[in-house]
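Take a look at the structures listed below.
Next, two complexes with chain A in common: one pairs it with chain B, the other with chain C.
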Partner chain A sequence: MAQKKRSGFVIDVSRCIDCRACLVACSAENNVGMKYTRIWVRDLGVKGEYPNLQRTFVPYNCMHCDNPPCTEVCVSGATYKDQDTGLVLVDQEACIGCGYCVDACPYNARYLDHERGVVDKCSGCIQRLQIGQQPACVTTCVGKARLFGDLNDPNSEASIALKNARTVQRLDYEKDGVHTGPNIYFINGEVLEDASVLPRDPRYPAAEATWKEILVPAVLAGIGLSFVGQATFFTKQLLEGEKE
Partner chain B sequence: MSQARVSRRNFLKLSSAAVGAFALGQALPAPVARAARQAGLIDADGDGYLPTMCEMCVWRCGVRAKVVKGRVVKLEGNPEHPHSLGRLCARGQSGLMNTYDPDRVLFPLVRVGKRGEGRFRQATWDEALDIVAQKMLEIKEKYGPEAMIFSSTHNLSQVQFENLLNGYGSPNYGTQRSLCFNAMVTAFLLTYGVEEPARNYDDVKFILLVGRNLAEAISTSETSALVDALSRGAKLVVLDPRFTKTAALADEWLPIRPGADAAFLLAMINVIVTEELADCEFVKKYVVGCDELPQAMQDYTPEWAESKTGVPAGTIRRMAHEYAAAGHNAMAHPGWRTSNFINSFQTERAIATLNALSGNVLKPGGCLIAASPEASGVPLGKPPQPPYPRISALRLDGVPWKYPLVPLKLGVFQEMRDAILSGQPYQARGWFIARQNPVLSLPDRNRTLEALGKLDFIVAVDVILNDTAWFSDVVLPEASYLERYDPLNVVGGKIFIRQPVIEPQGEARSALWIYKQLGERLGLGNYFQYADEEDYLRQQLAPLGLSLEELKVKGYLDPEIERKNNGEIVFNTPSGKIEVYSETLAKAGFSPWPAWEEPPVPPAGQFYLLTGKVAQHTQFATQNNQYLHKYQDEPRLWMNTGAANSLGLKDGDLVEVTSAVGSARIPLLATQAIRPDCVYLTPGFGHLSKGLRTAYGVGASDSTLHVTYTDPVSGGQALSQTFVRVRKV
Partner chain C sequence: MSHKAIPLPERKRLREKKIKKHALANILTHWFNVGMWLLLLPTGIAIISSPRLNLSPQLVQDFFRNLFGGPANLIKFHSTVGLIWAFVLTFNVLLGFRRYFVPFAASRLLLDRDDVEWLKLKPLQMLGFMKDKELPPQDAYNAGQKLYMYVVILGTVGILLSGVVMTFHTLFPPVLKQWAQPVHWVSVFSIVAGLIIHVYMGAVFPEEKEAFFSMFTGEVSAWYARAHHEKWYWNKVREELEWEDRVEAELGEIARHQQPSGDRPETGQVTS
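Showing the complex of A and B:
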């Protein structure tokens, strides 16, 4: 029996120039409303003392977790882990817009679209995958920082990049002994040692006007506190674990 | 699938709810592009993919447009175009919102209020064109054709724009070039005989970027090539007073004092020639002045340069050694917008010289392609036309009578504006402006507005009501780049097409159509001998025997041209060699060698005002694009955190920035990412036109602050030579 697909992103942070082509491509491809965004580029800020400075950009979106907390809390069954691709998807016909999944996602990678009354998030551009295309953000990435593929297929471009990476990091999140097992791997940059990449403040004022309405501040703070200190795993171990 | 349907419906609802006050009576959704349907690119439902070409900047990437039910829904980079290689930047991706901007001008407009009030009425094309032609003929009769200025930012229809001005008989041709790359083009023309050498990153090992911010001033394929080269281990050194996103990629960022780039480069040349590290064989064969160069450079020691640049002498010496060690795999990037200081021409001459010493020109794997051993041109045809009338009037921009070495096609745009005000050497009366926004691009906006006030007649051609159109008497609505044909473009020996993906919305029309209609009314019909846009393209393809239909389907054609190559390398200079020593410069009274010219420094309590680029916008033209607006940063004034502390300013404070010519208010960004003696204002914002409802009220315009200074050799405006005070409001 063929091995199941585990679709995921491999993101080479050394290649991201924060040009935001991915963001616009995603918005156009998926008709994302002007007040919302499905994907982000996190700016870790200007670090160091003038003139010895560094600045790193971290593109990310839904992590398409192995054990997604969002599906656990979904009352309508709209949010599910797709068996064919391994992507975490939202059936917007079934979604009742309760927003529980938005609060449950430790990565803040979902939003409630108030106009449409449904939850939305990165779908891995499944409509493109079905016709043999890559996700819009990956196709257009000017720095070639974003890769996408089946991480269970050792010959996929993403798996090869992961195998050859200088460093690999994965933002795992553990609660009550359950690991999310996120399927975004950040490579070639030590960027997330304090796990501060998520949660985060809105970065695009125009596109995230409703951000604060969505997240109850107390919930945000709670996630933030539990997150620090347990989120980061150097994934050589995890990877090896999964290969077994 | 239902998801896509719902959101598309919402999308349509959104855009129709936002119908512009200026797009009086917006038309129904544009019909499916007829030509595309005939070519079989769009099916009966109005769905399909079409190859065309981007126009969100001048890099002109190849595009594949996805059309659903006659509406453009997505743009992709064309993998077969060398400028996109399958990718598009944020601006390219946003291009459909340039077409579907709710503020599009979709009908000819005639001003009814005072200039600048923004009150227009809708007119028919016949009426609008008759008004424009009548005014232009009146000006010609009363004051002579030279009283009419024509200006346009470079685009593929420029050749017909030039027919309009040359046929009409005006010498006054304005472009954006003196606000952009005059220094680079003039220096490389004089040194190598090419306007802009191509860059080759295939085997590059050492890259020196002098203010070239490739991560934010994106040329898609070149930016990708740079990131690829760095991933392969090439070394990147960035000279910039600001820690840009390109500097963030660099192995070494050297925050050099503004205006002192030439000192750094001259000292590198000094080390290379003094220590005999150059590629001697190449230099002896191809460089004019190679024997005298060490003597000409003898004063420019690294120790001397340290005092000018603030970069330690040891660092400069090490850079020279590393650059020389990389041989022809080293690249000193020529830059692009090089209009920074009145000495920017010398900076470019030093860059040109540094490349000559590495022998990187033309060698296999060399990093600069500055001469061509072959006739690489593709002999496209063009419609027949009579010779132009003889023009004897002086140019208002001082070329060549005041600026002898500035190429005619570059010009000195800011000087033209000043001539309107001074009335010298004669008074301009009218201005025909196409796809250009001089109200925001020229320095000293108050003077530009004053100049507009002195004119009898102003006409603008644009897709939106930009700030200059806002002050115009007639606005002619151009079809967007996804709605029209333009003349063909040749890249890398291949012929690429821009073709309409949808029919023009409203009454918008292509530049080819507008210029022809106007030309005929001006009695210049012989300069516009094409029936329509497709006929123009067919006449271009005729000498090659190629078919427009095939081109439309493929997006490009690769003509088999016999290229002459006898192996001889010839540079298009008077000597046929690389002129590090230039007799042309000497004869014009300038230094024949690359030379140091001391730039001014800000008085105590003032800062250099730097300009630059953000990756989400192109100059002053895209701020109204809703996709780009969505993902842009809030425009701010950057100031070094230490400098801000000493002024009692903190991040987020609203500050007033004041120069000798104007002031602006903007929130402060306190950051380590800039020299303490500089501030930087996010460019492109501060629009005056209320017809730009997304962009209006956002940010401040640096053109209100810029003082007009012109580089005497290249004619470039010195855009970073303005000094400002900053105080808390």
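Showing the complex of A and C:
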């Protein structure tokens, strides 16, 4: 049996010049509204002392985590981890745009499209992958800063770049039972210490938290009580026979 | 219980005498509601996929998603049937508001002193205490049923409003949609908690067999009414007696009017 795919990005931070062609290509390919973008380039600012200055740009989007916290909170099942590609996708036909997942994502990689009333995010250009093409951001990148491929396949372009990298960083998040396992590898640069790219704690909206912490135990207790009561009477009925 | 003292021939007579409990409109609405719940409850449970809340077995989710062809179709089915349910119920309540809903709410829904007493006593008796104490007489619905009716009415409104928010999700802000989901779930499962007892008492519990068939025929026997809903029964009897008195009085009135007119030819004869 073929090994399971683990689609991911390998991003060579040293090659990004913040031209943002990837943002444009992504928006055009995926019909992203003018107000929004699915992918970003984070500017870590100028570092060092003259004349040894250094400026790092970090292309940034959904990490297509191994254990995505966003799918953990989705009530309608609209957001899910695709079993074939390993991508984290949103079925916008099933999404109602409540934004539970937007708050849960430690990487702020999702946004609410208020016009369409749904959540949107990087889909790894699944429609292109299905016909054997690379994501739009990857093919458009002039500096070849963005690479995409199956990280479980040692011969993919991404895997080879990862193997030959000078430095490798993965913005992993592990805390309180959430362990994301992100599938973007930043290579050949220093990004980990900057707050603008580091993962934050997953947030749970008041409605979701109240639901989980208070409403579920209370209502399930009520149902349990009612069921036990009913079952007791039914058992009694069976044991003692029916009286009128 | 008091009905044990009823002599046999009287019991037989009471058994044969029928009292109307449910109007046809209520019966039809009830069974429409049952049908819709049978469609909506399983599909609704199958939709809730959040592993963090863990409210629905994976097996149920997979089964219904495969049956309908994915979560989007499942949701589409659920919201479409839900809209039909919401529309028909709202339509029925509005259409029958003065004829059915107001009289029902006024005569069968309000809790009185006996109901409060019943609510104190019944739970204790079910736990095995104070078995010797007699329960106060109950209305057409007992206090437990009345309380559950409030849960159902409030829950239905909650389901309806939150369902509309989620169905027409492009029209509402995210925070409303965030709260609509727990409101929908809590409303449904508060009703389900009572539904377990409602279905058991209505369809399985032998002492309430008549109540089940009354949901088709609309009628219960006078014996059942007297045994289970004594206050309602005697009210019915009083109404019947009052009606009889009224009819008798009216008949007397008519007879009195007819008598002078019958005498007229006689008096005419006298004068002529």
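As a working rule, the second predicted complex is superposed on the first by the 188 of 244 C-alpha atoms of A that agree within 3 Å, B and C clash if a C-alpha of one lies under 4 Å from a C-alpha of the other, contacts with A are read in each partner's own complex, and residues count from 1 in each chain.
As a working rule, a contact is a pair of C-beta atoms (placed from the backbone, for glycine too) under 8 Å apart; a residue touches a chain by one contact, two chains touch by 3 or more.
Since we're looking at a predicted model, the values are computed, not measured.
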{"item": "Chain B versus chain C as contact partner of A:Ala78, first or second or both or neither", "value": "second"}
{"item": "Which of chain B and chain C A:Cys98 touches, first, second, both or neither", "value": "second"}
{"item": "Contacts of A:Ala207 with chain B and chain C, given as first, second, both or neither", "value": "both"}
{"item": "First (chain B), second (chain C), both or neither touched by A:Gln127", "value": "first"}
{"item": "Partner chain in contact with A:Pro154 - chain B first, chain C second, else both or neither", "value": "neither"}
{"item": "First, second, both or neither for A:Cys19, with chain B first and chain C second", "value": "first"}
{"item": "Overlap of chain C and chain B interfaces on chain A (superposed complexes)", "value": "93, 115-116, 205-207"}
{"item": "Chain B-touching residues of chain A, taken from the complex the two chains share", "value": "12, 14-15, 17-21, 23-25, 27-34, 37, 46, 48-51, 53-57, 92-93, 115-116, 127, 136, 139-144, 204-207"}
{"item": "Contact set on chain A toward chain C in their complex", "value": "71-78, 91, 93-94, 96-100, 112, 115-118, 205-208, 210-212, 215-216, 219-220, 222-223, 225-227, 229-230, 233-234, 237, 242-244"}
{"item": "Contact footprint of chain A on chain C as seen in their complex", "value": "47-53, 55, 61, 65, 70-72, 75-76, 126, 166, 169-172, 174-175, 177-182, 185-186, 189-190, 192-194, 196-197, 200, 204-207, 209"}
{"item": "For the chain B and chain A complex, residues of the former touching the latter", "value": "1-4, 6-8, 10-11, 14, 73-77, 86-90, 92-94, 96, 215-216, 218, 220, 223-224, 227-228, 230-231, 243, 245-249, 253-255, 615-616, 626-632, 634, 640-642, 671-673, 676"}
